[in-house]
Structures are given as structure tokens and as C-alpha cells.
Amino acid sequence: MNIYQPQLTLVTAITEETADTLTLRLEFKDQALRDSFDFHAGQFGEYSVFGAGESTFCIASAPTRKGFIECSFKAVGKVTSELREVNVGDTVGFRGPYGNWFPVDDWKGKDVVFIAGGIGLAPVRCVIWNVLDRREEFGDVTIIYGARSVGDLVYKRELEEWASRSDVKIVTTVDPGGQTPEWTGEVGYVTPVVEATAPQAQNAVAVLCGPPIVVKLTLPVLDKLGFADEAIFTTLENRMKCGLGKCGRCNIGPVYVCKDGPVFTAAQLKELPAEF
Amino acid sequence: MNELREVARTLLTDGTVRVIIGWEDARRGARPVFVTDPAGADKLIFDTRCVHNLVTYLNPRRDNVAELGKIGLVVKGCDAKAVAGLLREAQLTRDDIVLIGVRCGGVLEEAELPEAAPLSPENVAPRCYGCDNREPELVDHLLGESQPEPPRPVMTIDERVAALDGQALEERWAFWTEQFSKCVRCYACRQVCPLCVCERCVVEKSRPQWIEASPHPRGNLSWNITRALHLAGRCVDCGECERFCPVGIPLSLVNRKLQQIVGERYGYTVSDDPETPAPIGDYRLDDKQEFIK
Amino acid sequence: MTNAAPTRETYFISDDDLRALTAELLGAGTEVIAPVAVDVCASPSAIASSACLRPGVAPVDIEYRALADAAELDLSRGLPVLSLKQYFLPEHEALCSWRQHGTEVEIEAVPTEFAPRVVLAAKPCDSAALAVVDKVMNWDYQDELWNGRREATTIVNLACPVVDESCFCTAVGTAPDDAKGADALLTPVEGGYLMEATTDKGRALVEAHGARFTAETGASGAEQRGRQAAEERAAARVRVVANLEIDAESVRDWIDTHFEDPLLAALGVRCNGCGACSSVCPTCHCFDIVDEEEGIGKGTRRRCWDTCQAPTFTLHASGHNPRDSQNPRYRQRINHKFSIYPLKFGEVLCTGCGRCTRVCHAGQDLVEILQAIDIAARRPEPVVVGAEPAGS
């Protein structure tokens, strides 16, 4: 089968995370593949609606949970708008897993700090699950997550689950003005909340994902807290098509985001040209 | 040529413009040049190799040109018509540009020659024949000496259009299918056209995908015909689309045919007077509309 | 014979025998791709080009085509308008197709094995380009469509006399008499050609048509022919070296460390972003993938040629475009070809065929651009007074 030919998956569950963000749970139609499919946290796939085309999302479920994969997306373009209309039982194409991944094994024994904004929680959720499924291997786990408003928070069910765990510290925040009367979390942009939470940097790694502005403003804060550039991990988005390093579209500076990324350390990010 | 260089030098020195866009002589022949230093004005040339319609550089989407500052643009008569087109459609404000007109007697078919050649029926660009704007009016300066009429080419574009029209439908269909099969969808025709200025071209719209993106004959026919229709009544016959096409599709024939139709039905010919409204964008009570049933 | 250590055995093949070989291949049903002189005016209508109307000038374009007849084979050594790329990465190519009934989808695979075919009289720059693109096509993931076509094809180069002053193959790691990416090389000599097979496929071709070739070892006149061939090839090299000499490695490193340099940042001001350069280029391989519906519940997923010069190449669904003017887009072209690709794969993504320069009517001249970068790369870095010396 040629590398551009997709596998077939069945939509088995749909969750409306927010007004414009959806999570799909997919199971491979081929039984053998369903059982054997494996990937690493941080990798992505090309999901397709036949007739509309393919779109790139990270695999938002964890490799420790077998039998299905999940993706989360906002309907912003042609393919995502069609994906938004699928029903349970529909067929979605899938190619992957592609790209590099979060080096979770290197983090054994360390504290892990997860910072995400908006839909940036999708790639991070995958690695949070991964870490929590292997909880005893890691030190303190801190999650700091913010969105524009309460309605924009994704994975609300997971946020509650994580909040109910005693071995996880979680801080959720919404932008000023985004709170509802019932909101009991923080109010403030992600960056100042990170600063206030002040996760300690000694023997720790940080995973940071979100809109470019959140990443851009939070990196200096982490630096001030003492996180080395090599200890901060993020995922980059860039326009992708083939997902496997041939079509040239995602090339930024010396890297192809789909092959050399999408996971990069802050140190690697600094090597890339600011404008591509 | 000295006159041109003098005017350019002055405009730059006294700050009227920040960049002069004209033609220069380079390793492979004449090509566009962007002069920002008054000393660079000596690079400017104007001869029969100056085929390029420089008005394409006024496209509002060209940020990298706009950032150079106020432009002084060298224009031939056909080029001035393109400026009028942009003014008519409010893509440009007259005060934003200084136009340096050159009196023109026609140009060659290609610019990439080591020396300017005198014009003959064999080498003149066919579109020059019958030019009605050899001394452009829509200009701030008009330079150069009066030029004779361009020679008549071996076969004019109108004659070639008529020859095609004279063929049976099946032959014409076979001709155009073969031509459009060559198209590789590089969009050179669109990129170089001074009037293709849409912020988002119809071919790039994906919801819905009006025109297929793949370069198979079906998609190519769709693209080329759509573009031609979008230029009906606007095309100034500069011929750049055909010249830039890397696979040699005779696009000027399609554009000229549509021009003829617009002329017949709306009594309109493209001029360099921006006040004359074009059929697209102007409604008259007596517009023919027998096709509305 | 085939198990012996490969030697670069030279054969002689006469003009007639080369045509006969072509006829043999065609007769056996093998596709033969070769340069063909296309009379521009033999189109259905003689008004295809105004050039048809000029007395005494017969406009001829050379194109690589699948031969219908051995007589079509053009050995004039003119440069075909498009490169061989279209035969390995077609302008549009089906990746798979689908049929959908309700929620059930069936995918139809496309073949990844192709019938054996031969390319004759290829330009060395075009074959070398295939070897260069092989690298990305096999970077971890094997592109079976590209590889399948490469495996099925035996390529015989014809040594090039150098087309004009826009050629610069020697400046970017190949030569007018190279067999890189190909399986054999023909060099013109008196009465015919010297043939050297450089790979097993090339040797197999010679063996399969042994009657057409005579081994040069011990043949009469071999020394003279050998000298002729060597002189022809050396003269061609001298000609092309005179067009452009650069230190490709220092160009590569300079681009890598001078991303914001005004020399690179302003190269695109003349450029129209049309991508004609990408379409004629033998090494440009960027592609788009689209789904095209061809009826209710069926369609084809295709890839088609794309170009980093197009304004929407890097446009995100959010509306953000990291390369939103022609300057960064043109810089990307130079960067990818002369720095990024060589750093990643050890090959310059360019074989100096010069087509981009010839086809660009806006005057973008790659010879001029590379020359300027080479000069900048050789210029010593300005010394800042008072700065710490390196290493202290």
C-alpha cells in the first residue's frame, strides 16, 4: 500500500468540547490494526473526509490507551467543516502516526509541568494521560491551563478528573471577562498565572502548547523561573500536506515540521528563523 | 533615454518618489529594475526590448514593492491603459503614483535579447499593430521622440482569431483542448497580469472548490476560461500572460476574442481614460440583455 | 558475465544502430522516452503561434516524449522545454480513489509497479536531478510511486555540448558528461557514439541488444574515438565552467547564517510569484494533495505540482501566512535549494540546467544571484573593533 493511501477508521464517539471545538474518537476498521496500532505522545496524523481532503491534527489520545485514537479540532476550513458534520458510524481516513514525539521516557524521576492555552491542550492532553498512566515514574505533576472563557475550555471532563486527583496540581484560568458567576478557578491570562503558580524548575521539564502569543509570552516567564531552554517542550504548527517530509510545504528554516518536529524544545525553536 | 534618466534622477533627488520602476539592460536582455538611488537612474533604458508591462508591480498585494515607498512608474501606452483600469476599479489612487510616459512605436516579442533590434513584420509583437495609444495621456511626464506606427505583423491577432473562428466547432475544441492540456497551473498568467488583483482568486477558494486545482485538461479548461471571462472588458492586450506562459499557450487569442465581443455588445474599447466606465461595474438602461429569458 | 566485478567497458554504436536499437525497443512494446523535435506549427491550427508565420523560421520545441516511432528520436542535443521530472513525478497523479455508499468507503489502490521503460538521450542535468530528488523521496518513508518509476526506467544520457550562458551544471555538483542518476552515457564521435554503461541496468540494456554494440577494447580506431570523446567532453566542461564558478559549500553555509541579510531579503522584488521556474525545474518537487469528487460517492485523491512561490503555499487555515510577501518566498526558494536541502541530504537541489533563468521573463537570473552570494560568502566578515577575539 503506498504511503499516501489512508487507513479507514470508524467514528465511535463525538464530544462537543466548546461551541467550535470537537473531539472525535476513531477506531480502525481493520481489526488487526486496531489491536496493533501504536504511537508516541506528540505525534500527529492526517485525517480525511473523502471528497474534502486531509487535515493535520495531533493524536489527542494517549498511546497507553489502546483500541482507539482521538483528535480534536476547530472548524476553520474546508476539511474541518466537513469533519464537524460527521456522525457516529461514519468513515474517516487516517494516515500516521507521523512526526517526532515528546521524549517522555527521558522525564522519569522529574517533575513535569504542563502549560496550555485554548485548543493547545489537545497535544498536551495526550502526554498528560501518558504521564498519568505511568504516574509513579514521575515527580510532581502540575497542569496550568487557560482559555478565553469558560465556554472555551476543552476537555472539561478531564479537567474535573485531574482536579479530583490528589497526585496532580491543576490550575485552570480564564481571561478576564471570560468567567461565569459559578467559576471557581483563576481569572487571568495564562502567562501571569504561570508566573504566580511559580512551578519550580529544579529537575523539572515543562510542556508548553497554545496560540503563538501564549507561547511567545510564556517562554520568558519559564526562563525567569529557571527552566533551561532544553527542558521546555512545545509543538509547532505549520501548514502541512503529506505529513511525511516529501511535499515541502512545512519547511521552516532547516527543519521540516512534519519530520524534525512537531515537537521542539525551546532551544531548537530559537534556532529557527522568526519569520519563515 | 537621457531624458528618461534625467527625469528619473530629478524625481528621486527631490523626493517626489522613493523608487523608479523601469527597465534595465541585464545579462540576458531587458528586464524590470527598481531604482532607489538617484545614481542608479543611469541604468534606465527604453528600447524595443522593453516589453514588460510594469503596472503589475502596482498590484496592492505586492507588499514588498509598496514598502519601497512612492513609485514613479515608466509606462508605454498599453501600460497606461492598465493603470486606468486600476484607477477605474479603485485599486489605486492617482496621487499615489507618478507616471512617466514614453512615446512608443511598438516592441519586440521578446525582451531577452542582447541588443534592441529594429522592428519588422517578423519580429514585432503582434499586439502592437493598430495601437491607439502610442502617446499615453494618463501620465505626469511624456518623454521621447514621436515614433512611427508599429509595422504590421505577418498575421495580426485579429486575423488569427478570425482564422480560428473560421474553423468548425470540433476543430476549435480540439485545438483548445490540446492547448490547455499543456497548462501546468503555474498561474504565471494571473501573477503577471496587471489587472488580476483579487485578494483571493476564485481558483483558491475551496468552499466550494469552484475550479479544480489539478492540472488535468478538465481543471485547466475551467481555470483558463474563468480567467478570460474575469478579464472581459478589462484586459488591455499587453500580452504578458502569453509571454510568461512557460508552455506556450496562445492566451492572447482568447482575450482578443472576448475584447471583440465586448466591443460589439457594449460599444466599449479599453482606453487610458479612467473616467470612462467599463462595462463591468457600470450599468446602463440600454445594455443588451436579450440573454435574460 | 553479470557477476563479474563491474568495469566501465566502452562500446561503439553507430547512428543507424542507435535508431535500430530504438526500433527494437519499440517493437518489443517497451516505452521509449526521448527528446523529440516538435514542430510548433504542426498543431491542428497553424495559428498556434505567431512564430509559425515568419518566413524561413521553423520554430521547433524539443520535448521529452514517448516515441511512437524510432524516426522521431532527436539527437540534436537541444534542451527539452520541460525536464524528465514529469515522467517520475507527473504534473498530477492519483494517490488512491474511493467509492462511498452510505457510511461504507472502499479505497482503490493505485499501482506502484510500472512496466520497464527506457529514456534515451537524456540531458545529464535532468538525470542528475532524479538522483538528487531520490534523497527526499526516500527520507525514512519510501515514496513507492516515485521509486516504482525509477526502478522501471533505464536512462541513457547523451553528453551535452552546453546549451548557452545560463547553464551552470558544474557549479552545483554535476557535469555535461556525467551519468549521475542515469544508467549509461553516450558521447558523440565520428559515425556514432561511444557508450558507457554505469549501472547494472545500463549493462543489461547493452547485453540485451548486444548486436548493436561493438566493444572498444582492441577495436580499430578505438584510440582515436576515445580521444575524440574525451576532447568533446573536456571542451564542454570548460564552456560551462566559464558560465559560473562558485564554492557551493560556502554558499550553503553563508545562506544558513545570513537569513536576514538584505542580499537575500530583497531578491524577490522583481519576481511575480508565478512559479514558472518551479514547473520547468528538474529538482523542484513540492506538491499539493487534493480530493476531487468525480460523481456521487466517488472521487480521486491526487497530488499535483505546487510551488513555494505561490502566495498561498504557506497560508494557514487561521489566515496567518508566515511568508506573506514575495521577498520571503523567493528567499525560501534560494534557501531550500542551496542551503536547506544540501544540509539535510548532502545534495544541492539544483543541477544547473538554467531553465528557470530562461523561462523567467521578469528577469530573475540564478547565475547572477549565485554569483552575488558566492562573492558575499567569500568576503571576509567585517571586524568589529573592540570585540573579544574568538575563543577567548
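Order of writing sets the labels: A, B and C. Residues in every chain begin at 1.
What we mean here is this: a residue touches a chain if its C-beta (ideal position, glycine included) is under 8 Å from a C-beta of that chain, and two chains touch if they have at least 3 such contacts.
What you see is a predicted model; the values in this text were computed from it and never measured.
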| item | value |
| --- | --- |
| Between A-B and A-C, the pair with more C-beta contacts | A-C |
| Chain at the geometric heart of the assembly (C-alpha centres) | C |
| Distance between the centres, which are taken as Cα means, of chain C and chain B, whole angstrom | 32 |
| Whole-Å gap separating chain A and chain C, where each centre is the average of the chain's CA atoms | 40 |
| Inter-chain centre distance, chain A versus chain B - centres from mean C-alpha coordinates, in Å | 49 |
| Contacts with two or more other chains, residues of chain B listed in rising order | 209 |
| Contacts with two or more other chains, residues of chain C listed in rising order | 288, 290 |
| For chain A, residues that touch 2 or more chains besides their own | 77 |
| Chain C partner contacts - residues on chain B that touch it in the complex | 26-28, 30-34, 52, 56, 61-65, 68, 109, 111-112, 122-123, 126, 153-155, 160, 163-164, 167, 171, 174-175, 178-179, 184-192, 204, 209, 212-216, 240, 243-248, 250, 253 |
| Chain C to chain B touching residues, read off their complex | 40, 43-50, 53-55, 57, 61, 81-82, 91-92, 165-166, 266, 268-270, 272-276, 278-280, 288, 290, 292, 302, 304-305, 307, 310-312, 324-327, 357-359, 361-363, 365, 367-368 |
| Parts of chain C lying in touch with chain A, wherever the complex brings them together | 95-96, 98, 100, 103-105, 107, 109-110, 112, 136-137, 139-145, 256, 259-260, 285-291, 293, 299, 301, 303, 306, 308, 313-318, 322-323, 328, 332, 335-336, 339-340, 343-344 |
| List of chain B residues in touch with chain A within their complex | 206-207, 209 |
| Residues on chain A engaged by chain C in the complex (per definition of touch) | 1-6, 8, 48-54, 76-77, 80, 89-91, 93, 237-239, 241-242, 244-249, 251-254, 259, 273, 275-276 |
